[in-house]
Amino acid sequence: MKFFSLPRPGAELVLAERDVPEPGPGQVLVRLRGWAVNARDLMILKGFYPKPVKPDVIPLSDGAGEVVAVGDGVRAWTTGDRVAATYFPDWLAGPGTPEKTVDDLGGTLDGVLAEYAVFAEDALVAIPAHLGYAEAATLPSAGVTAWRAVVEEGRLTPGQTVLTLGSGGLSTFALQFAALGGAHVVSTSGSDEKLERLRALGAAETLNHATTPEWGAAVAGLTGGGVDHVVDVGGGGTIGQSMLAARYGGHVSVAGVLTHEGAADPILVLVKQLTLRGLTNASRETFQAMNTAIERTGLKPVIDRRFAFDEVAGAFAHLESRTHIGKIVLESA
Amino acid sequence: MKFFSLPRPGAELVLAERDVPEPGPGQVLVRLRGWAVNARDLMILKGFYPKPVKPDVIPLSDGAGEVVAVGDGVRAWTTGDRVAATYFPDWLAGPGTPEKTVDDLGGTLDGVLAEYAVFAEDALVAIPAHLGYAEAATLPSAGVTAWRAVVEEGRLTPGQTVLTLGSGGLSTFALQFAALGGAHVVSTSGSDEKLERLRALGAAETLNHATTPEWGAAVAGLTGGGVDHVVDVGGGGTIGQSMLAARYGGHVSVAGVLTHEGAADPILVLVKQLTLRGLTNASRETFQAMNTAIERTGLKPVIDRRFAFDEVAGAFAHLESRTHIGKIVLESA
Amino acid sequence: MKFFSLPRPGAELVLAERDVPEPGPGQVLVRLRGWAVNARDLMILKGFYPKPVKPDVIPLSDGAGEVVAVGDGVRAWTTGDRVAATYFPDWLAGPGTPEKTVDDLGGTLDGVLAEYAVFAEDALVAIPAHLGYAEAATLPSAGVTAWRAVVEEGRLTPGQTVLTLGSGGLSTFALQFAALGGAHVVSTSGSDEKLERLRALGAAETLNHATTPEWGAAVAGLTGGGVDHVVDVGGGGTIGQSMLAARYGGHVSVAGVLTHEGAADPILVLVKQLTLRGLTNASRETFQAMNTAIERTGLKPVIDRRFAFDEVAGAFAHLESRTHIGKIVLESA
Amino acid sequence: MKFFSLPRPGAELVLAERDVPEPGPGQVLVRLRGWAVNARDLMILKGFYPKPVKPDVIPLSDGAGEVVAVGDGVRAWTTGDRVAATYFPDWLAGPGTPEKTVDDLGGTLDGVLAEYAVFAEDALVAIPAHLGYAEAATLPSAGVTAWRAVVEEGRLTPGQTVLTLGSGGLSTFALQFAALGGAHVVSTSGSDEKLERLRALGAAETLNHATTPEWGAAVAGLTGGGVDHVVDVGGGGTIGQSMLAARYGGHVSVAGVLTHEGAADPILVLVKQLTLRGLTNASRETFQAMNTAIERTGLKPVIDRRFAFDEVAGAFAHLESRTHIGKIVLESA
């Protein structure tokens, strides 16, 4: 089997071959067929990721494939099952804890950028029947985090207003989930072309943040005083505008930011009675609840471009160019 | 102005005329243009309503119209505003209490079956801009109760399953709100024709309870073990089947039932870890939140048939025939 | 090692000996030192339990002891750790599901009425440091269920009113947890002597249900219209009075009842806008949260009488006599 | 009657006399007997308050007294009733909105620093029977805000850990409410003498922030990784340490801060998955729920020093000296 590894942060990815692993007791061997790249993976490659990374790590957390063998005692899966791996293998259910989130695929643990990988039986979920492997590979990071922000913690109700920032994977999922729940979605982007695409995906209103740098107040103006919920993925640099865009008593999900830039001014938190909530990925049960909703509603993830497995460098380059809408994936035949 | 009154429960409605009232301090005079009839109004007329009714009551809780005059000190409304009255005039916000719910329009207080009526300033809500008066008149009872059941207390999330019973006003609103929130809706009816109509309104699956009297188990079978949420409006006679239709840990909203028939078997509540929640109407803030959602999404209430103001007897006869889908309304030119 | 088993429901318990088991991979061997008996165990013995029971089951779900050996790969426990087993070994976290609750100790699985037993690594919790083994053995059934009813789902706040019924283990835990959370607790019993003891445990008010058979209305009278929360353990026979004792909008936890007697009248659920919630045991995370609270506050379970391991028949006889307050336990030196 | 007014921010308070006002329709005349001063009042006096203040405002939001006359149509109150005024007269129930919170006593509206004042019927609450007027006067600002932080939004459960900062009125109430709810409270102060007093009030652990300037990490160390809930009243200067003191997934209530100093670093919000929630005062229903709890539990507010009505300057000077524990009040015979 072929696999990529990263000798050390900042180095080049190395493509190599080794034997297909055998699943041990309680383990499942998956032939991976689809993968997705994330900003976090790019930070790991470049050495900017602020959390621990295993030496010679196999990168990427997001992959989907087919069960090809199961170890002793495995009851949940059988050959041919279509599955995706969970971002935090130890976070099965309930609220997050340091213990449940200490290990993450493609970080402290080997990830999925390989033709085959073994996973613990309970570190997998069944993928929606109507999605291909590459589509399903978009779910573990961007999908689950957006679901947690908008649905699980956002407790979105129909008719509420939701603001999404930009056209990255997490934001397009947040847009789709909010629209699915009957929300009035406002989306920003720096490109009018992308704004048009976001409207096609369900955004009721859009705003070009390049031509309207004071977009926080502009969004508040568009929505009668501010939105109920902001899904902020923009790093520290956007939190101030996000707080201006939120209504009195509104919520700001702080997701995806890994920078010390910018800061939340406590007086705005207080005067507007805001709730700021930091959130990353979520539990396997959250992933399963999202998959149920995706399957029942037939929702399709937004894929920007598809690369072959060994074109991963091109996928990262495309991600870095920031010209995409939705997810960038790899797939094998 | 013309108005109807009910000399005593069980009597005939009397049509009479009197002077248009003047709004006192803090009051608003509304020219009513649309009305809706409810099963509760029918019970009052027939003398079966188990709660107190004022002698010579002007019937009906559900009406919408136009502000034509305001009393001293009224700040919230001005002539020409389009409004509906709230079912419980004293329930402005927060959880219900005996004090907030002691008085109800068309019950302990005069209702809206008149060409004009005065209301306290804070016992009105603005109606959605895209709805006519007769459409808006469907909202105060059936709409608000369905919203409370499905959205406010049901905390519906996209992809959840919701069961609605029959094609009455409350159930069709529950169907519409659930579909709006991305739910997978299962609806029952005793008529295949109506089931077709319910599918057109957004039901993903339907079931004829006349041909499948054990519909509780059938719904559980259709939905992989039971629905997340049942909106039960069927009186005591349906609660047992509803509990069978709910999933382990599911919710059953008990709404609209005013009969001692049937009973909830505690062992089923326990073994399936169910939550049963009784609910009637809700606060003015809930009504406003629903209206915001209706306006933002353009949702249209389902109207079965329209009668003129003085054809109210015909409207009640049609309601009693139980052949309708959605709401039966009155309107004036 | 000695152990008891039940050849079949309705038979006598058999005391026998066998080799101490060895822990397999991921398993932990515990030397049990304390046990508690529950009404559910009595039902299993007598053959009245409505759920499946394994042939030749080792009875009892509630036990605590000391880790004496661990199998391969066990990371969470080490020799000497003081632990209790969880009632549902597969319910680790999150909401309950049929899958998580299908197996229960002393029911579908062998229980703890033995000198030694092996458990899966994640089917154990650490017990509070200030409790002896017999004290800790009171926690898995009565403690966890009461915690779920009062704290986790009851969302008790200081100053709320809570009603507990009788002096059994679940009710005394509910009383203690409610008092710990600053609630005003009303407790009933059929004996004035027990009522005095319940006051000493923290009940602010008590009521003799033998001399006041209409205790529902009486409790409502004592508490200005009804209590916020009833923890009903009385089987179907008490649900009607419990609903009368609850305030408008109040909650009734239906716990511990396994009888078809009595029934919840839907009209009362509706008119009083009640929430009825069926609940049994809970997840391991709930057990751990309760233990943290017990340890931090130094709470002591109420033990009625202590028996030796081989006096289990006496313990069941005492339980059946219904003269106890709190829990009946076994302990070994 | 005597009353104080503030000609303009930054000026001296002026003591004057005028006729006792008459209550209009729906109004209540209260003879005030107890008052409390708050940091916000001091900011108003000194001209540092960032929100609008009425010219010639009668200062202070916090007062309690006796109903001496009622206007036409008042149903809720009668002569002799013991009452306190609500901070936001228009916030009766439900979540806060800009409309409900635009007017505040002693800010945009005349406050209570007078021997008599009239209030709208629904801008008053009954005070707990066991409290004197000066004690009850501590409740409207510090009490209600602490209750909202700890109980209503904090959803405190027994055994959780709560951190309070310093010995001001809001923090001592937060300490008392948390202890009442069975929490393990950690309190800081810059004085060992005060720490001793805080322990007497129920703090389980204390920490001198003067001698331990890195108290955030120290609190995390004391509590096994951080507290569940921080009630931060320290202005921007403490938010960073508060976030360090919170556990993974913990809550930080940002209350009482009206300064642009300091800032919440988004990366800490994200990495620790924190929730930051800004909150000020709350609704009348929240005030009533707190009073019910205070009355049922007999809780006594902490009063540092009592001044006479016309010694208000001394009370402010004492507040400014920051040597107090709990509240500083005025009272009249």
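Going in written order, the chains are labelled A, B, C and D, and every chain counts its residues from 1.
What we mean here is this: a contact is a pair of C-beta atoms (placed from the backbone, for glycine too) under 8 Å apart; a residue touches a chain by one contact, two chains touch by 3 or more.
Keep in mind the model is a prediction, meaning the values are calculated, not measured.
Common neighbours of subunit C and subunit D under the contact rule above are A, B.
Set side by side, the interfaces B-C and B-D show unequal numbers of C-beta pairs in contact, with more at B-C.
Each chain gets a centre from the mean of its Cα atoms; for subunit B and subunit D, those two points are 41 Å apart. Across the assembly, subunit A contributes no residue that touches 2 or more other chains. Interface residues of subunit B, counted against subunit A in their complex, comprise 151-152, 155-161, 177, 180-182, 184, 204, 289-290, 292-297.
On subunit A, the positions that touch subunit C within their shared complex are 25-26, 92-94, 283, 285. Per the touch definition, subunit D reaches subunit A in the complex via residues 50, 95-98, 101, 225, 235-236, 239, 248-249, 254-260, 262-280.
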